[in-house]
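One structure is given below, encoded as structure tokens.
Naming follows writing order (A, B, C, D, E, F, G and H), and every chain is counted from residue 1.
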Amino acid sequence: MKINKDKKLLFIGDSITDCDRAKPEGEGMFGAYGNGYVSFVNAFLTSTYPELGIRVVNKGISGNKVRDLKARWQEDVVDQKPDWLVVMIGINDVWRQYDIPFMKDHHVYIEEYEKTLRELIESTKPTVEGLVLMTPYYLEPNKEDPMRKTMDAYGAVVKKIAEETNSIFIDTQAAFDKLMENIYPAALAWDRVHPNDSGHILLARTFLTNIGFDWTK
Amino acid sequence: MKINKDKKLLFIGDSITDCDRAKPEGEGMFGAYGNGYVSFVNAFLTSTYPELGIRVVNKGISGNKVRDLKARWQEDVVDQKPDWLVVMIGINDVWRQYDIPFMKDHHVYIEEYEKTLRELIESTKPTVEGLVLMTPYYLEPNKEDPMRKTMDAYGAVVKKIAEETNSIFIDTQAAFDKLMENIYPAALAWDRVHPNDSGHILLARTFLTNIGFDWTK
Amino acid sequence: MKINKDKKLLFIGDSITDCDRAKPEGEGMFGAYGNGYVSFVNAFLTSTYPELGIRVVNKGISGNKVRDLKARWQEDVVDQKPDWLVVMIGINDVWRQYDIPFMKDHHVYIEEYEKTLRELIESTKPTVEGLVLMTPYYLEPNKEDPMRKTMDAYGAVVKKIAEETNSIFIDTQAAFDKLMENIYPAALAWDRVHPNDSGHILLARTFLTNIGFDWTK
Amino acid sequence: MKINKDKKLLFIGDSITDCDRAKPEGEGMFGAYGNGYVSFVNAFLTSTYPELGIRVVNKGISGNKVRDLKARWQEDVVDQKPDWLVVMIGINDVWRQYDIPFMKDHHVYIEEYEKTLRELIESTKPTVEGLVLMTPYYLEPNKEDPMRKTMDAYGAVVKKIAEETNSIFIDTQAAFDKLMENIYPAALAWDRVHPNDSGHILLARTFLTNIGFDWTK
Amino acid sequence: MKINKDKKLLFIGDSITDCDRAKPEGEGMFGAYGNGYVSFVNAFLTSTYPELGIRVVNKGISGNKVRDLKARWQEDVVDQKPDWLVVMIGINDVWRQYDIPFMKDHHVYIEEYEKTLRELIESTKPTVEGLVLMTPYYLEPNKEDPMRKTMDAYGAVVKKIAEETNSIFIDTQAAFDKLMENIYPAALAWDRVHPNDSGHILLARTFLTNIGFDWTK
Amino acid sequence: MKINKDKKLLFIGDSITDCDRAKPEGEGMFGAYGNGYVSFVNAFLTSTYPELGIRVVNKGISGNKVRDLKARWQEDVVDQKPDWLVVMIGINDVWRQYDIPFMKDHHVYIEEYEKTLRELIESTKPTVEGLVLMTPYYLEPNKEDPMRKTMDAYGAVVKKIAEETNSIFIDTQAAFDKLMENIYPAALAWDRVHPNDSGHILLARTFLTNIGFDWTK
Amino acid sequence: MKINKDKKLLFIGDSITDCDRAKPEGEGMFGAYGNGYVSFVNAFLTSTYPELGIRVVNKGISGNKVRDLKARWQEDVVDQKPDWLVVMIGINDVWRQYDIPFMKDHHVYIEEYEKTLRELIESTKPTVEGLVLMTPYYLEPNKEDPMRKTMDAYGAVVKKIAEETNSIFIDTQAAFDKLMENIYPAALAWDRVHPNDSGHILLARTFLTNIGFDWTK
Amino acid sequence: MKINKDKKLLFIGDSITDCDRAKPEGEGMFGAYGNGYVSFVNAFLTSTYPELGIRVVNKGISGNKVRDLKARWQEDVVDQKPDWLVVMIGINDVWRQYDIPFMKDHHVYIEEYEKTLRELIESTKPTVEGLVLMTPYYLEPNKEDPMRKTMDAYGAVVKKIAEETNSIFIDTQAAFDKLMENIYPAALAWDRVHPNDSGHILLARTFLTNIGFDWTK
């Protein structure tokens, strides 16, 4: 288990992270962690490693693109002084290019995405003990689909930055691809983006495995 | 224009037809026709052929499969004594096989679909002046996608029955396919089923063209 | 088709334009264009000319008079940098003279109407590729009715300004008059102002025909 | 003052009578009389003739046509054993012919209207002390307007039945016509049917004057 | 009729005036005048003297005491430039002494009441054509009741100031006293303050009679 | 303390008893006893005599008259098998004579009141260990007030029946009269019927004292 | 993994099972499995063993005691024809003895509990492939606490019946006890019964481990 | 009775004090005192000592810790100029250490608690006639429970400060402990903190007895 006692673990991202978390705190009682993978990660850590006292904070905001993260990075990441930081961003950067194609000022193309994400990660890496980068994903098994193709390119950027900065890299797309070998995407999410509990449990498990969670404990 | 003066034109189907129409009437003031293609068809007929006095009735119910149409056919079709009947059904018959794959009693497989639809159409054809069969569709341009493939098979059944019964056949999938050459499906519907106004206007135009609507009038 | 690729087409006006559009954006997903003729225009353009990528923006606000347009012209028109601009205003300028006759400071009489509208149009005409002026209307077939008479006078002002500024002129009143030869106004709108889908489809068709929309495409 | 001590005065009709009265009672505290002319009549009687103890009951139901009155006449009139009965019906019988012209089974044409109303009045007249027939009306000053013309014909039926049965006749249309010489109809009602307090006060005053109310008391 | 053509008639007061009027305007369509005596006065003036075009404005605010009127007098009276002003205040000044007797800073005793009201009236009298002072009232017929006694003293102050300033004086308490000879107060208002339509109609009639309304017109 | 261990104490009455209790149970968690004197009695018994385990049930229904109690006596009293029964009824029997004076079928005059109450009490007395009769009351200190006078007459009936049946008699009116020597009724209840916590605490204390509650325990 | 392909796994119980599941189905899309441990079990099965197609059904109802299960056993268990059945009941049987101690007819004492549960399990065991009995629990670490003691006795009954019927036995209390060595119960549930996600994840993991879920898959 | 005529008695604290009081006033009509022990104290004082005219003000705010009291002390205590002050604080200071153990910045440990409370009390004592300090409590009868132990330590601090400052000390924990000898805590509060009416009545009685309330008056 890579996270040590009394550490603060902060998640930042879009609606996949947000999941109706308490705002602005993102932690506390009464569903404050939302109803998605962040809450499940917190629940696994609390119920399995209660002695570690790991403090989880959820700073996801639905609809966010990397451009939005940049705008609130000081307040929602730096000022929070996390020990571990998890970033999953990019779905909306890509999706807007496909669902509102004529509103180009709402698109974040790959150059801006890469530049902005790298700035954020590079500036923050030295201040944290652990940094996890999760790829954006699209629940479309057809790799020739245009939006899937674009999403894969953004995922590749995440991988590159993770390697450059020596961060933990998690390929959420790969995890979903494996699952979609047996399950059609509509069984996870009608819109191929916002999954039901099956998808969020998969994300939580994938994350936990990558940080050394001991499933036999 | 194939529909004559003072005729009643009844639409039956699923959520694409329903679109929050007034229940149970399906006609009248204050949005009674719903906010989808049926209301647009009615608006075009009223504003272009007011002298014909064509009475439109919307009997769509969200989530319906052909099995549900059969259960309410007497009340919602036969008793209504329509002069013209429009049927678009099958999306949910297929979709449930993909989004709740383990709940098999909610699936309507192609044999039941074909048998039921044929019974309904054959029994009703002699009682109406005009009968229009519209295919179900899926806003997925990849024809190798499993659900798209299944949907196409169901559409082929509709075509076959239309030919057998000498009904007007409308290939909604073909209309959407043409549009998707330029527009990614997410710009029409996040869930690839329930389109925005662009999709419903397309359905209305396609329907009207097929019944001889004069666009230059 | 007069509007070219990648152009922005902005509508400004009163409740006929507004129709519960998303505020303040007036564009995007989930019914952002409202449920009136602007959304129908957008749907026709998107479904028929998807390759043009025309971006529609709805800046209507219910209850507005030309005096209100002036107050928000900088923010809602100039700053938006539209390529094409469509203006339909005047119904409330006239209506208030008849429904709250004693509250004279809420009336915009014809001199102020003409002067204000001309200023707005003249100042903006040089900055856009296309400018469309639509008359206000009243769903009252009796041309001797006092309010109809006043509305016609305001419509004449619109026509005059359109001619002066070489703008496209659309006579919505004439379109409705033709329809009312067969349909009593109560079948379009109980209040003779806010029409149902039949009226909005008529407005959309009239607009589209005037900008060269190809109905046979 | 024609109504005597301790009598029950029952109003039946459509939305003009109803005005959100308490259902099913139509009398009592907390706005039970609705917010229209029936409540104002009750208020005038109570505040001016408290010693008479006249009991007012409101049995209006929005949207009713004479066909609907017939269906509930036993329960809402006969069983109530009123001493005085006031009937105002017909607006919806006419209106539906104009606002949903193609839905002919919702129209009550003048033959049915006259026959039904006469049956109801003739059968009830012998059981009451006083019977008041009020015309339906339309807030349209143009007597050549088709709907106004029809409404006037229905009003003439009311007058005829009132004379036949020796009932008190109140010409509400005439009262409104006089008012509309100075006020445009939109200042009373956008839809030319459901008036604001000015219209309801006029109805109440006209009714009271016709039953001998002493305005100088 | 004392009020002339095109004049503005402004009412200010407490909940008896307010009655859920539109805020802040206090005039316009859709129940803007509230559902109390002010709306009834407006309805009588509009329906009987439409040719005068008298503009009514309702500036009542529930719970107000004379102290509150003073605080908003500039904005809600002076800036409105009324031609006629009607003031009815004092019920809450008295009531609070009896329903929250221990919260003395919420009481307005008679010295402050008289001084404040006189200042307001004296300063405004020269600027208006007509000024009407209506007494506060309490629907308690027992003149020995302590709160009734206090209310009568406040009413006497109103009378004195009306005489000093040559304003029209209306004794609402006297009007209600006469009515209560036949009706127990609970039939008008459970709380002996906020009457039903019977009480508001009485207030409206009393007001109108005092300004020369012709009931036989 | 007159009530013994493990006994069921049932209250029946009108809104003073009801106070928004859980329906139909009238006992349990989460405010099931309402927010009036019954809940306070229960709270005093539970917090002072927890060892007795007295079970309180609240069967009050707002607006009830003795006529209504009779209609539900079998279900809400007899079938409940209470050990102790408390009845407070009569306020609405009287009040309706004063607030809806013309609706005489809603009045329960004193003969019916006495006869009905006596029947209920006499038939139930033999089946219970203890029976408490509480007078109705009116928060009007003036004993010459007509409604107060009537209420006192009904209270005298309660006293008479209590004596006849050897029941515990509680004079709630006397308790309130003493309080009103120092407090104006509006400080307890604007409508002189439904008191705030001060009134309900007084009722609870008066009840408890009458059943031998030891305040020094 | 003990559950085979295409099997139906049904959960029945109280609020811990229910968790706002869809009623009456207990399966499907849009949170139909509730937000508790049943949904998490389903999510783990779907995301880890999609190829097995295990169908989960949630038939929990908040507040149920074993007495309630018996009443709906035919409809909610037998008629559903499950292959695997999971039963967790007893918390409310015990809790009511402590939170509404005087309402004894709401208590289910241990004799009734044991007899009823045994009947249900014995009658159903032969019809299913697998049967899992989970103990009720109380999040109170002090084993001398009276309610905890009682709960432990009920848990022992579950264990006994599991052994008698050769069912899988899951000791939820033991799982929570281990967790509470490090976490105070208030961090799991203020009421010591309804846990947050940490508690439900613990229940889901404990269940899955007991049916042979492979955490390394 | 220690509180004299016309004095102001102010309560400050957390949710036990707050109980949904009117904000910001904390006094007045319509449940302004909340539905907890403060309202019951007010009701007892008003109904038993109406001649004293004691003014009660409730300044509790749910969730407050002593740290929060300090932040609003000037506004909510000093500026209010109370004659008597009652302080009950500390439950949340302790609870947060147990229900969100990892969020340490939300904990108020005993040193800060004692220092802050002493500052507030010492600075205010000279300005009031009477000062009452009530302990925080936890409805947990097991004195070895960790949270109960901590709460007792905080209660001891309150006692010490009361003695130092010669304030009236009320041991609420002791009062509840005595009650819990006969009643399990779940019958008072599922969460062992927010009691039902039984608990609040106990608090009110304990408070009143400590200020010399005469229960036999």
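By our rule, a contact is a pair of C-beta atoms (placed from the backbone, for glycine too) under 8 Å apart; a residue touches a chain by one contact, two chains touch by 3 or more.
Remember, it's a predicted structure, so these values are computed and weren't measured experimentally.
S.K.: Once the contact rule is applied, which chains count as partners of both subunit E and subunit G?
M.R.: The common neighbours are F, H.
S.K.: Would you mind pulling out the distance in Å between where the CA atoms of subunit B average out and where those of subunit F do?
M.R.: Roughly 64 Å separates the two chain centres.
S.K.: Between subunit E and subunit F, what is the gap in Å from one C-alpha centre to the other?
M.R.: The answer is 40 Å.
S.K.: With chain centres taken as the means of their Cα atoms, state the distance from subunit A to subunit G in Å.
M.R.: One centre to the other, that is 33 Å.
S.K.: Counting only residues that touch at least two other chains, what does the list for subunit B look like?
M.R.: 29, 99-101, 183, 187, 190
S.K.: What is the complete set of touching chain pairs?
M.R.: Once each pair is checked, the touching ones are A-B, A-C, A-G, A-H, B-C, B-D, B-G, C-D, C-E, D-E, D-F, E-F, E-H, F-G, F-H, G-H.
S.K.: Give the list of subunit D residues in touch with subunit E in this complex.
M.R.: Residue positions touching the partner: 29, 31, 33, 35, 39-40, 42-44, 46-47, 50-51, 179, 181-183, 187, 190, 196-202, 205, 215-216.
S.K.: Mind pulling up the subunit B residues that touch subunit A in the complex?
M.R.: 95, 98-101, 142, 144-147, 183-184, 186-187, 190-193
S.K.: Which bits of subunit G are touching subunit B when the two form their complex?
M.R.: 6, 27-29, 53-55
S.K.: Could you please specify the touching residues of subunit F with respect to subunit D in the complex?
M.R.: 99-103
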